[in-house]
Every structure is written in C-alpha cells, then in structure tokens.
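You will see chain A twice below: alongside chain B first, and alongside chain C after that.
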Partner chain A sequence: MAEQSAAGLIGARVRRQEDPRLLTGRAQFVDDVRLPGMLNAAVLRSPVPHARIVRIDVSRALAHPGVYAVVTGDEVRAAVATPQPVIWRMIPDQRMTDGYPLAVGKARYVGQGIAAVAATDRATAEDALELIDVEYDELPAVTTLEEALAEDAPKLYDEWPDNVSCRATIPKGDVEAAFAEADVVVRETFRFARQMGTPLETRGVVATWDPFTDRLDVWLSTQSPNLARDLFGEVLDVSVDKIRVRVPDVGGGFGNKFDFYGEEVVAAILSKRTGRPVKLIEDRLESFVANAHSREQKVEVELAATSDGRITGLRGTVYAVLGGQLATVGIGPCWLTAALMSGPYDIANVEASVVGVVTNRSPYGSYRGWGQPKSNFAHERMVDLLARRLDMDPLDVRRKNLIPADAFPYASPVFFYDGGRYDECLGLATDAVRDRGWLRRRDEARGSGRTVGIGYSFHVEITALGPSRIMNMAGLQHSAFDEEVVRIDSSGRVTVYTGQTALGQGIQTALAQVAAEQLGVPLDDVTVVVGDTDTCPYTGYGTGASRAASLGGGAVLTASKRLKEKVLRIAGGMLEAAPEDLVVADGRISVVGVPDRSVSMAEIGDAAYRRINGRLPEDEVPTLEEREVFDPPNVAFSYGCTAVLADVDRETGEVRLLDYLIAHDCGTVINPLIVDGQLHGGAAQAIGGALYEELVYGPDGQIQTTTFMDYLMPTASEIPAFELLHMETPAEHIPGGFKGMGEGGTIGGAAAIAGAVDDALADLGVATVALPITPPRLLAAMRNGQVQA
Partner chain B sequence: MSDHVNGAAEGTVANKVPVTITVNGRTHRADCEPRTTLADFLREDLGYTGVHLGCEHGVCGACTVQLDGSTARSCCMLAVQADGSEVTTVEGLAEDGQLHPLQEAFWNRHGLQCGFCTPGMLMTACELLADNPDPSAEEIREGISGNLCRCTGYQFIVESIQEAAPKMRPAT
Partner chain C sequence: MKAAAFDYHRATSVDDAIQQLGAADDAKVLAGGQSLVPLLAMRLARPTVLVDLNRLADLAYVRRENGELAIGALTRHRTVETAELVRRDVPLLADALAHVGHVTIRNRGTIGGSIAHGDPAAELPAVAVALDATFRLRGPGGERSVAAGDFFFGYLMTALEPDELLTEIRWPVLPQGTGCAVEELTRRNGDFALVAVFAALTMGADGVCTQARISVAGAAAAPLRADNAEQALIGSRVSAADAGAAADRLAAATDPPNDIHAPADYRREMAAVLGRRAIQRAWAQANRTNAGE
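Coming up: the complex of A and B.
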C-alpha cells in the first residue's frame, strides 16, 4: 500500500498519511503545547442560572502564591472593542444579545464565565478560583421554552419586551390554498433534547500576546482558524497581520470547535496582562456547560396531501431553545432547520418559520448536522405519519414525493438543489433490505415473541457552503470561498498548503490524492500543510458545513492542472517535444511512445528553482506554484437513505439496533475508506442522539449531566455494524465533481430509528415524536401511544 | 469548576514527594505533589503526551496505560500510588521504528480518525488480545466498551483488532 500509482488515486481506498503520528503518541494536541514561561488559566463559572452580579472580590485570589493575574467580566469588557461576534445574521431585525467573553452585570446560565485566573499551573489556578468572592442577587430563572414564552415570564434581557430574539418566515408557493384544498392534513409536534458534539478532546487555547510588539500568537483547537484570526482582530482591535492562529492536532470538532468562544479572548487578555503565554484548557466538567449546546427545539409541522399520498403543502414552526446568549452562529442552525423543512421532497407550497427564544441555558451553537437532523426528523416522521393516516406503505409515499431526477436544479424554499437520483438511492436501500432478508428476520422475530421493526429515512445534506456573495446576502458576516496553494519544490516533491483544518476527517490524505492524481506523482510525494494562518492560505467560513473535501478538493484540482501545464512546458523544452506530446506518470515526464526520452519531476524542480540557465525556458518565471481561489457558484446537496432494523424490549423499553445500512451519494468519492469512516462516525452520533444523549436541566436551572456517567455517548456495545452502499453522481459545478459528506451520517439516523421503533410497536400505535427515545419515554409511549419529551 | 481540593488553597505549599516509575523501560525519578494524578505526572513531568485526558473521571479510557501488566486509567490514580511500578504507554508500543501489529492494523483499517482516543484504545486492545487471542467481533465490542470513540462509530476499530489478532498470536 505504500507506493500508489498516481492514475486512479481519486477514488482509491488508500490508508491515511495522518496516521503514524497519531498511532505512536507523537501527535501534538493543544494541551501538549508548552511554551517557555507559560502560565495556566482557569475560569470561575456561575453556579446560578440567572443573577445580577453585585460584587466580585478577587483580592484573596490575587494574593495567592503562584497567581499572576485575575480578570473579571468588567475588566474584560473594558479590554475589548466589541461584544462577541455573531456571524450568522439572517434575520435582520433579530435582537442581539451582545454578550462578552465573561459575564457583565448579569449571569444568564450555569457555567457562564465570571472571572479567570492565570497561575503557574492549573491546580494553583483552580485553587485561586475558590478564593474569589462573588455576591449574586439571584433572579427567577427561565429554564424551559414554555417558561420563556409564558406571558409573565422573567426576562433575560431587561430592555427586550419578552424573551423572543427573532421571528422569521420562509415562504414558497401558496400554503393557505394548499391546506384549504387538501384531502388530508396531518399535524404533529416534535421535541428534541439538548445535545452536543462532545469531541473527546475538550476545547483549548494557548495565547501569547506580546505587550511590546502587540503580536498575538495563538495555538487554538479550532475548525476555523482564519475566522478566529479575523474575529480576534475585531474583538481585540488588533490588525490582522499581527495575529497568527496555529491549529495543532484537533481531537475531534463536530461543530463544537467552529464557534469563537469567550475563553479564547480571555486567554489573550491574561497573556497581555502577564506578559507570558497563557494556556486555558477546558476540563470535561466545564465542557458540558461552556461548550456550545445544540439540537434543542420544538418543531410544529403540518402536511397537506391528496388522498393518494401526494404532499401538496407543508407548514412548520421551529422554536429554537437558545441559551442565555447567542453563540457565534446565532440563529443559524435553527434557521437551517426551517429552511430545509421540505427535505428531499417536491412540495409546491411550503412555509416554515423560526422563533428564537432565549432561556437560562448554555448558548446554542454548532453540532454536526447543523439544524438538519431536526428538519430531517420532522419531514421523515411526517411522511411516516401521513402513510399511517392513508394506510399506505411509507416507502410508496416517499417514492411519490421525492424530487425526480429530471427536476434538477430544484428550487427549494431557500436553496437550489444541484442534482441527484433520489429515487434510485431509495431503491438501492430497499433492494438491500430485501436481499438481506430483513423482512423475514422481522417476521421470524415477531413469531418468536420479540418486537422487531424496520425504519427508513431519506436525507439531503447541504455541503460545499458558498458562494460568498449569496451567503453575505443571506446574512453571513463572513465569506465562504476556499483558497489552495500547490507547490512543487526543487526536489520535485509536492506541497499543498490549505486553509482547511485537519480534525481527524482525513483532509490531508484526501487533498494529497487529488494533487497526486492531477500532477502524476506518487501519493507519498505529496505533503499537505494545514493549521497556520501565517503560512496557509485563507479559507472563508472554516472547516464545517461539509466544505473541505468538496471546495478544497476542487481548488487543489484546478491549481494542480495549471501547475502540470507549466511542468509540461518546462519538460517540453528539455526534451525538445511539444507539451501535448508528453505524459506524466509516477513522477516522470516522457514523450508519448518514447518512454526513454524522459525527465523526472526532480529535474523539473531543479530547473525551476536552482540550475535554471539553459533548462528553464526563457519565457517562464522560476518556481513552480499555483494558487486557486474557488468560490463555488452554488452549494452541493449530497443525499442518502438510511434503513434500520431494531429490536425493542417491551419489558425495559430498551432499543437495540440489529442492522443498519446507508445508501449514499456524495458525488465523486476521493477516498472510499475515509467516506465510509465519516458515515460510520456520523451514524454513531445519530444513534447517540436518537437513543441516549441528553443534556438535562432541572427545574432550578441547574444542569444535571456533567460527566460521561450522565451524558451517555454510545460505546462499541451499543453501536451495530454498518453497511454502506454508494452511488456517485458528480456535482457538475464543482471541479472533480466532489460533494461534501461530513454530516450525512448524522442527519438521517434518528428518523430511521424512530421509524423502526414505531414499526416494531405498530400494534400499540406508537408514534415517536421526541428524542432521545430513552427507556422511560418508550415505556410511557407504550402506555399512551406517543414517545414524548 | 474546581476539581482539586487541597490545603494549598490557603496558601500553603504542598510538600513534594519523590516518585520512581519505569516507563517504557526507562526509569524516571521525579518529585511531585501528592495530589498529582499519574496521567498528569506522565504527561507534564515526564513528557509522555501520548497519554490523553478526555474526561478525568475514568469513563472515556483515553488515558489508559498498562501498569505492571494490566490496563489502568491513569487519570484515576495518583502518581504516588504508582511509585515503583512499571508503566507502558502508547509511546512504548512501536519498537525499533517498526509499528506494533495493532498500530499497523489500525492504519490499514482506518481504525482512527482524530486519534485522541487511539492511545487508550490501543492499550486496551493489547490487553484484550493477550487475554483472548482469537476474539469474535462481539467479544471485541465488549472488550473495548470502556473506551469511548466519538469519531469512528467503532466498526473499523473492531476490524483493526480482528486484523491484528492473528499477527499477535504466539506461533504454535
């Protein structure tokens, strides 16, 4: 497997370049970064959900041996130029929360930062936190959506009329008429618990802000280093040239490391104040309150349909249970739930609204899927419920309503879907279910007294986020293009410099495969450099929204093509042949049909950088480097169908997954091994979200799940073996045809699991409308027919 | 969120105690505070940063090392408790520049993504295969169920361990 021939590298199942360092303990994660004179910081967090901060006395902490600095919210407020930025502002009249890195005046959720200490080591910093005296004037807390919306609810923001941050409606067609003329109308309300991405490595930062040069040098475990650099600049009022963000190995992101957190600003301020590097690593306990939470929504949906199962209208309202202040992505994920409420279906009349409501809970930010798991659950459950109402096979309802292959590009309420063969993909999954005998297994299990069911879901996944101008018009206060640099050096080896970030998703190997195939060099001759804003190019947005392989791959492909043209021109001169008569293979350029008339890539490199005279054509500039900026003309929609065979224990309410398959299309596949791994991991997160994971708040506003003993991430024992089936429909508007696929596994899983549970319990008429489907919820549903929150 | 409870909070300097530990065949002697965990001691004092901390309460398994021949959660014990012990960390698996068969198999089978859980997963898999040289997929899932992985969905980890198993069985 070591030497891969370049031809056919796109699509090759090669093992990853990233792995040897990670396997041998030689990786460098942010907590492994140690700088001379470095201090360690810790954050004092609010123990109460809602309170006025009357007084903070840090004098005892400051006097503690080993403590270098203590900062409070007011001091941080005075040191910054702006509140924490919110980059998704798609609702123009939204009330913004204008939060600061540490609480100013009021604490609005348990775990909100109140003050921070820098000391010789973390233990000493934590010791000092205990010496900070804070007087809180406690206020009544708003702990649920219903409490927040109640007529006389306590207000989080005194200057607002209520706790509603925003309302917006996304219309398409004539929904009123569709419902007036419908044969049947199906209504349901869905509830989604709070969950979070929960990367195994918590967040962390090491900041060095030199008080003499004003240079800010940051190591940050982030998915979006260019965004972070720009936002550091805005918030700290430092010109961007003075800011360097380096990203070490990242122990998982899943959206949690996309946002720009207050702790990052606090670490910088503590560094400037002490004149030393400051490390701030969140521990697991903190991560459960200081990391962005996600998923929590109430979604009301109604479908209008004809009596033969044709959906004519969809109306829905997404209630976003936001936290005590807006995170970097603001209303973004919840807006996307509304924007994609019609999913893969051709529905002429759609009206989806979003209502953003603040509560005394942690902020709502990014988590893999970004709003789409909820829209998917809503439309897939509604299709199942419509089928039940009409006594139809839910697969027939899907077939009847999926966007047909000849209808692309398809105008959904917000986005243009670029293309696909949805019906074929559904068929791929249903054929596999048939061929693997699931129906027989279900019926046999039922015959022997077990409760087994089959569920399906069909998902679309927005990927390749761009183009910048349209995203700006939609309200994004940032760009969404990608820039890649491909360089051949004097030894003929290739280096790709990317602004995308390596989070474990294998982006280095994937980009290396694209460059190697285009340039005709062995895969091992390509190195991909990531994670440094001083040396790597700018990517808009960041590594999220399933952008990296699609946009990065497309840009590397175009840059490599142009670079190859220059290689051929130089080789043509050296071989006295026309460039079009040359071929490149395994790092050698030869004349077609005359293989011994050839030069190596190393000789070309030497001619372009070192011994130039007489070898580099007179009209060529030295060096071998191409730079490509790719701002895609449109997003690209991947899609897939998940099928689940599940066993429900009627005694305990436990759901066990027996089999799980995903039929999937993400355009041209660069590396099937990586794609499979992404789908597996995404599906495991979908399973966690469907059955186990829940951030629970008590009626007092206290979070009750702050360890892995309470927040149940699935282990290998809960996760079934997965089977994956692939289709490839290249994206016509992306060079190489690559679509993204980082979130696909996560989006469709819960609806398929819920469908399987309902199918298993069909005799009881159970309708699963809330996640996660925990044993107590399912037992209650068996009693009253509905899995509710 | 203060995990540490110690007299040092009142301004006293904790007395350091000497600890001797053999790690990957090399004997280290260092002074540490009694409250220092074995994980922090290995990472901060001795530089074995392949030991990862994912939860610091003994659930995720990322900090798993071998201690006198059995796996142990290095976040849940104190360095002073390991005084006189022999420890193997992930850095000790590969020998003479050759990957261990489990490392090779994890590489071949895409048994890792971000790599944060991987050191603990490898140490657990080592013990699993020593105890059961020919495990079924189900036995592997059970055996690694004390190690959380958030990236892979476990399937390729299971396949990696299956691939390594015959290479680690003693020749008969």
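Coming up: the complex of A and C.
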C-alpha cells in the first residue's frame, strides 16, 4: 500500500488495511479454527411449532460410533446458573420468557434446539441426530400476530394470562388535544414481513472448557466479545478471569452476531463433558430458524395536521411479532421503533406504544437498523399520505416539518438529537434529482406500459450508543462506554488495541487513520489489534448500534493526543527544545524551522523501552502507552435523505430500480471510502427488505424459507449504482466529531422505494403499506389500491 | 447439513455406468451436480451409490447428424449455449440456456442433467417439448428413444428408469424464416422461472405463420406444450390481436403451482402476458429474418 502522509488522514479516502487479507483468502474465520482433539457438534431441532416434550431417548445416538456426548434441554438446564440473558429490559413489568439454550419442557418454534451431539465430525453428528427419539405432545400453535392476540388463543406460556409479553407507551405533549384540534387526521396500518441479516459466514463457535483448570476458551464469530464473555460468566457461573473470548475475522455481522445464542453455551457444556474442544457451526439451512429473525411488526399510525401541512400530533402502536422466546435484545428493537416514530420531524405531541406478542416463530433479535427501518417507513409513508390528502407536494410537507437547524439539541420523545442541518440535506438530494434529469425521465415514461416514479425518504439514525448510566436507567443490563489503548513500541510503530471487532466494515483502517493523524505517523505504521478479551480492552455493548468508529475513534483520538505529548516531551529532551517548538510529520519529530534537528519515532521508541539512560527524561516512566475510556455524554444522530427512481411494469408488477442516491451527514468522516461502503451495503439490505426478502411461515407454523432459493437476497443484478452526497456537521460532544453510520443505508431505503412505486402508479392511487413489495402483491394493488402483505 | 454416507463409483464407460446403476439398490447418476449435490447435502436424496459420469468424455459433444442436432448428455450448458451450431440450427435452445441460473452454474451443469432432473420450471425440458426433441436412453436391455412430449410426467418425474442412462438429446433443426423468443419472469436474475414462455414461429413466403412451436415452463406439473395457441397462430399473420388471443389460450391451458413466490392465479395471468410478448417478439424476428436482415 502506498504510504499516506499523516496530515489529513482523517477524511482521506485511503484503501482499507483489511482488504489484502480478505481479498486474497488469507482471512481466518471461526470454521478455520482447528484444535487438536476437536469434536464437531450438531443440534437436533424441533420439527413442530408448539409441543410438550414428553420423552427424549438418546441411547441409540450415544451408541453410534464416533459419538462422544449427547445433551438434552434438561441436562443443559441443570448445567447453567441462569436462563439465557435478555440484556434490554426497558419495560420494567415485562413478562420474561426465561428460555434455556435448548428447549426445556416445551418446544415453542420450529427449529428450537432440543438436543445436541458432539462427534468426531459433523456428518457423524448429523447421523446421530437421526437416532434421537423424541416424543412430542403437539399443542395448537399461534403462528401469526392475529392468532396470538385472538380471544382464547392457545398460550405459549401457561402461567401468563395471554400471549402479551409487554405493553408500554412513550408520551410527549398532549396528543388528545392535538387530535381534537386537527384539521385533518390521516390513519394507516403498516405490515413488515419477517426478515433477517444473512451474513455469508453463518454463526459459529469453538469452545474449550477444560474440566481440570475450569478455564473456558472460546473462539466465536461475534460482534460483542466482551459482552459474550460476561454472559458466559453469568450463565455458566464462572468468573470472567477464567474466560477468554477470541474473535477471528467475521464474515458479516449485521446485528445477528451481536446477540448471544444458546448454541454457544451448548458448545461449552459439550466441551466440558467430553474434555475436548467442540466446534459448532450453524449451517445455512438451520440459520434460517436458529439465527435471530427480525423486522416483523404491525404498526398503526395516525397523524394530526393543520390544513397547510403542519404536523401537530402523532399517535402510533407497534405490535412486535416476537418469537417463542425472547432473544438477547428482548423487546429492544421494537421499542426503538416506537421511540423514534417521529423521526426527523418537529412534532409537539407524540404518543407511541409498543405491544410485544409472543408467537410460535423463531426469536426476534438484532438486525441492522434495529427497529428504525420500521419507524422510518411509518413516518415517511405517513408524510406522503398526508401530502396526498392535502394535495400538497410531499417535499413541501417534509420541509415544513423537519426539525430546524436552530432547534438543536432537540428533545424527541426519548432522545436528545444532537444537531444537524436537515433542511439542507433534503435540498442536497432534491437538487441532485433535478440536476440528473429524473423529472424528465419520469415524464417521458408517463402513459407507457412501464411507468417511472420518484420516491424520497428522510431518516435519522441513532449512533454512538451510550452513555452507560443513562442506558442502564433505560434498562440495559450492560454498559456502553468504549476503552481504547494506543501503544508505540520500541521500533516506533503504533499498535491500537480495541475491544471493537472487525466484521468487514473497515474498523481497523478507521481507527488506524485516527491514530496515525494524531501521532503524525504514516498509516502503514499503525496496526489495530482486535478480537481477544485477554489482550484487548473492554468495550461496553459491542460493535453494534453504529458505535465503533464514533466512540472508538473518539477514544483513540484522545489517547493518541496524550501519547503524542509524551513523545514530544521525550523528543524535547533529546533535541534540547521545548515540546511546543516541535512538529511531528511522517514519523519524525523536528524543531520548527530547523528540519535538520530531528529524531525519528523509532529513536523515541528505543529511548522509551531499551536504551533509556540519558535519553528518557528522568521524570518519565519507560514505555509509550495511553489508555482512554470514553463514555459519551449523549448518543449522536446521523441523518440522510434517500431518493429513488424506479420503474414499474404495469403488466407484471415488477419493480426495477433505475437510480438511487443518498445525501448523508455522519459528522466528521474518517474515511469516505468506508462510509460509502457502509451506505452501499446498507442500501442493498434495504432493497432486499423492500422488494425481496421474506421469512414465510405456513398456517401450520412451519417455516417455508430455509434456503437462498426461497429467501431471496438481492444480488448485484438487482442493485442499481448508488450515488452518495456527503455533508459534515461534526458532533460537538464527541472528540473528533465522528458520528456513527453503519445503519443509515438500511433505515431509509424501503420508504423511498415505496414512495417511488406509489409515484409511478400515482394515477391508480396505489399506497404501499406492506413490505416486501412483490410483483403479485403490486399487481393486486394496482387493482385495489393498496400493497398488502 | 452433510450428506448421508454413500459409496462412490467413477464410471469408466457408459456400459460400466449402466451396470453399476443396475447392481445397487438405490444408485444415482452424478453429472454436473448442480441439482443433485444440494439434495444430497440436505439429505433429501439418500442414494447408496453415486455413479459419477464426469470422466465419460464421449458423452460430451454437439454435432449435426441426419438433419438433426445431436448433443451428448454430459455436454455442459455453457458449451451448448455458445456453440455456433446451436446458434445457427436451434437458436431457441441457445436463447433459453442464457436463462439457466448463472454462468458459473452453466459451466458445470449438463444438458442431460437438466432433462433427467425434469424440473417443470426449468428451461431445457420446456424447450425440448416445444421443439419435439428426442431423448436416447440406454439401460441393461439396450437402447430406446423417447419423444420429449412423452418423457415428462409430473414434478421431477420422467420416463427414465432407475437403471437407465440418458445419453443423447436430438434436436430437429429449425426451418428458414423462423424467429425465436424466450420471455421469462423471475424474482431475481438467474432464479428459476415463475413462468417462462418459449416460442419459435416460422413465417412462410406469403407472410403467414406456417409453423408454431410454443411451450411454457412453471405453468404445470410438467412442461406444457401450448398446442392450442400454436393452432391459433398457424395460418394467421400474427397481428397483435392474434398474439393476444393465442396467449390467452395458452394461459387457459396452464395449471400452475401455488407457492411462496407467486400464487397460481398470478402465474396464469403472467403466462398470458409473457405468451403475448414472446409471440410478438418471435414474429418480429421471423419478419426480420425473412427480410434478409
């Protein structure tokens, strides 16, 4: 890689340090971990959606050659100290499901783990699964939200009065009055299909729990190694000093790998039983039932507005279609849909409720966007519908209601939005649409069999999750700070140790850029070490919630600044100059105006670690290392405007995306290449969510989508070229001004696509209120007005 | 998942393969593996023996014989798709192959595998039915030929006996003045068709349609020959109205499946839309061919 000069590295479009290893096949993923004596495990999964487990007979499986151990739910329960942890508990009186890594007593969804086998190899383990006899006493299943809420519905949890896990309402202002006084009220109900993040690398774990030393050594494909270590400690009742979690390269996370799954615990228990390392890799088929599902909700929304388009009130209810047990993040994502229902708009009166309902489906967990794609879809579609009702331009309705730049910090129902120039961002997008001739392209297509439409959406994105105390008060059973360590070694090279994980997103490059710029060294002199709880510092939460670059970047920046001061003090001694008279560039420290009087970073390293006498000032301790813990005073909101040009075939209902642009502000940009990549990937997932992906359950509670032939991810052929337009409004409360932006592309896409479809079919009065928009559904909508699920 | 255990036999000749197929209880032929290997991995197919054809080089060829095009069963999709002879003599086959999965799949998948697998949504069985291809099968009792129209029974069901090998597919050469079109509706590029229509229309010197060959994939439990639509077009000048009426007949003959990707009604309606488009496009091409373009 070409040497990059340090000055201006923050903001530079430099190539990613990760890519040579990723692109040449040198990366190591969890399935590449092979330990001596290692066994392979497989999980027997429930074939029925709801049943009492009467009897499990594992004797034939145990007798099968090559099988070392078989565990059932009851045995796992006896081996753990607590149920599977649910770390988001924002609703204090929520009924918890207290599930275990394998089903105990009852199976509550197709695919729930029932028993597990460890054997010499995976094929043998799968052979043994076929030899486990389970007697199920099948119970009537509730497979949809409506069934679960019906009077006299079968109950998933006998001790509950119904299938409702929680209800909560988030109020702001006086909604009753707003609706009573409104000139117009617009109501709509939106439906979101079940979808999930589908990383190319499925989940996987290799656990070694030594029965003699009681040390648990885990290789895990995760986004949150510190959290996983603490949860292993809680569940297995082992102090965390005995637990090491290592994370190799991760082939995509998308939130699913933030969560802490039962298989991880099962692998550890199997390891202790057998005294051998146990590998448990989720295969693609089982990933469709065992990996956290997401997105499925029904959202009812009402807007109150004046006749000139000013929104005065918003009322909404989010029905969370939870699965048969709560996952790590509990009601979290669905609660966030309600909490952010008003989005970027200045609405004085808001009342958003969330109702969590359990069903006989897989658990609901994290997926990029974490509830926000639904809040975005709801408020953006409502703005479009309000405009239609008032016969106004939807862009005018947006302009009228966006939070003005001088209103920040802005108190939304739950969060303080830190700052932004929303109106300018909208203008950036609309100007680009005009300059690129989209309006002309739309007009030219009018009246033909294929018509073209333009859709917009404006999104806010919560990032930089913290501060710890407030998140604890909100119900998070974990912290949300970030700790970073920056070290210069004896050769003058820099190593950053981080608790963040490398998921392919480019975090190693981003942190290296921050450290290199601050320390004045070339980018290639910085190495970023990730993925080991024994050697890397602690990050609260994990690499999720768009926090790594923002909080990690902020902490690395502060630590590097302090480290540079020490470098300058040492150099000052060696050069007989005051530190303030020194400059650092390209790894050399020199006296201002006298470039010949200089020392290299390598000489400073040598002086701090090895040949100390006479070079390291008497009052300095040896070594060059700084540690910074950053617990941000507030979250940071990124935002953006997506515009989509789409064409609809009126005979087939097919939607083709012709053009796609995003105007975006995530504060100070560390590396535009990475920001672009995040937006591209996020938008690709938004396209999948809007047009293709759906986890389908039959009326019998069986999942019907367990391969990529049924669960349709968009491919390169379905994804248009993206154009990105950047604005930078630095976050004042974060060193460096960085906001996060891992999810924005995903949040804003679907509403813009739906808007474009509706616009293309404006003469038919189509209103898209359900996702995904499939050709048969769209064709039906052309006849009856609404795209329904 | 991992496949259940099986024995593996690499066939050294066609006779050897047939003998192996007869010797085992539940043997299966392995060609390109693009359909079979996923079935094995999901344990949906659990053969006791796999008989691998991939070393039988004499089963891979494209040649002109007796006014027909003969293609060996082991010839890869991509080889057929790009063969000059196929482009010239049976262009509908080349057009259709471009819709089979993606290039990487076509590099591996074989023409015999597609026919033997008999997926009703697949392109090759439907094209074979439209063009009246014949299949040469060999078993322990010798060789026989089966017309494409008699070969496909129902979902993944064919006239092939368990101990028989498909060795060759013979395609009649399309007459001068023929225009071809494939109209396929998929959720994504490269997916199996929700519905696909294959049309080859021949224009006589007087500008009327002298021959029509039309079939539909994804519209029934087996590939569907749209003879009623063909009859409606022969002798006509294939006006827009003619095309629409024929396509409606075609759609009426379908009995499409209902699945998560599309309801049956939608597929039937699309058969009419795609049928009309395919007929019109094929006819426009026949027109250009006749005009000497």
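Basically, the second predicted complex is superposed on the first by the 785 of 789 C-alpha atoms of A that agree within 3 Å, B and C clash if a C-alpha of one lies under 4 Å from a C-alpha of the other, contacts with A are read in each partner's own complex, and residues count from 1 in each chain.
In the analysis below, a residue touches a chain if its C-beta (ideal position, glycine included) is under 8 Å from a C-beta of that chain, and two chains touch if they have at least 3 such contacts.
Owing to the predicted nature of the structure, the values given are computational and were not obtained by experimental measurement.
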First, second, both or neither for A:Thr715, with chain B first and chain C second: both
Comparison of chain B and chain C by chain A residues contacted: B
First (chain B), second (chain C), both or neither touched by A:Leu285: both
First, second, both or neither for A:Glu126, with chain B first and chain C second: both
Which of chain B and chain C A:Val54 touches, first, second, both or neither: neither
Which superposed partner A:Val621 touches (first chain B, second chain C, both, neither): neither
Touching partner for A:Val696 - first (chain B), second (chain C), both, neither: second
Chain B versus chain C as contact partner of A:Pro775, first or second or both or neither: second
First (chain B), second (chain C), both or neither touched by A:Phe254: first
Which of chain B and chain C A:Gly25 touches, first, second, both or neither: first
Intersection of the chain A residues that touch chain B with those that touch chain C: 123, 126-127, 283, 285, 707, 709, 715, 717
Chain A - residues contacting chain B, complex: 1, 15-16, 18-29, 31-32, 42-43, 45, 63-65, 111, 123-124, 126-131, 197-202, 249-252, 254, 283-286, 503-506, 673-674, 676-677, 680-685, 707-709, 713, 715-717, 719, 721-722, 745
Contact footprint of chain A on chain C as seen in their complex: 1-5, 38, 42-43, 185, 187-192, 194, 260-263, 266, 269-270, 273
Complex contact set, residues of chain A against chain C: 122-123, 126-127, 283, 285, 651-652, 654, 692, 694, 696, 704-705, 707, 709-710, 712, 714-715, 717-718, 774-776, 779
Of chain B, residues touching chain A in the complex: 1-4, 6, 8-9, 11, 13, 33, 35, 43, 48-57, 59-60, 62, 89-91, 93-94, 99, 103, 106-108, 110, 112-119, 122, 137, 140-142, 144-158
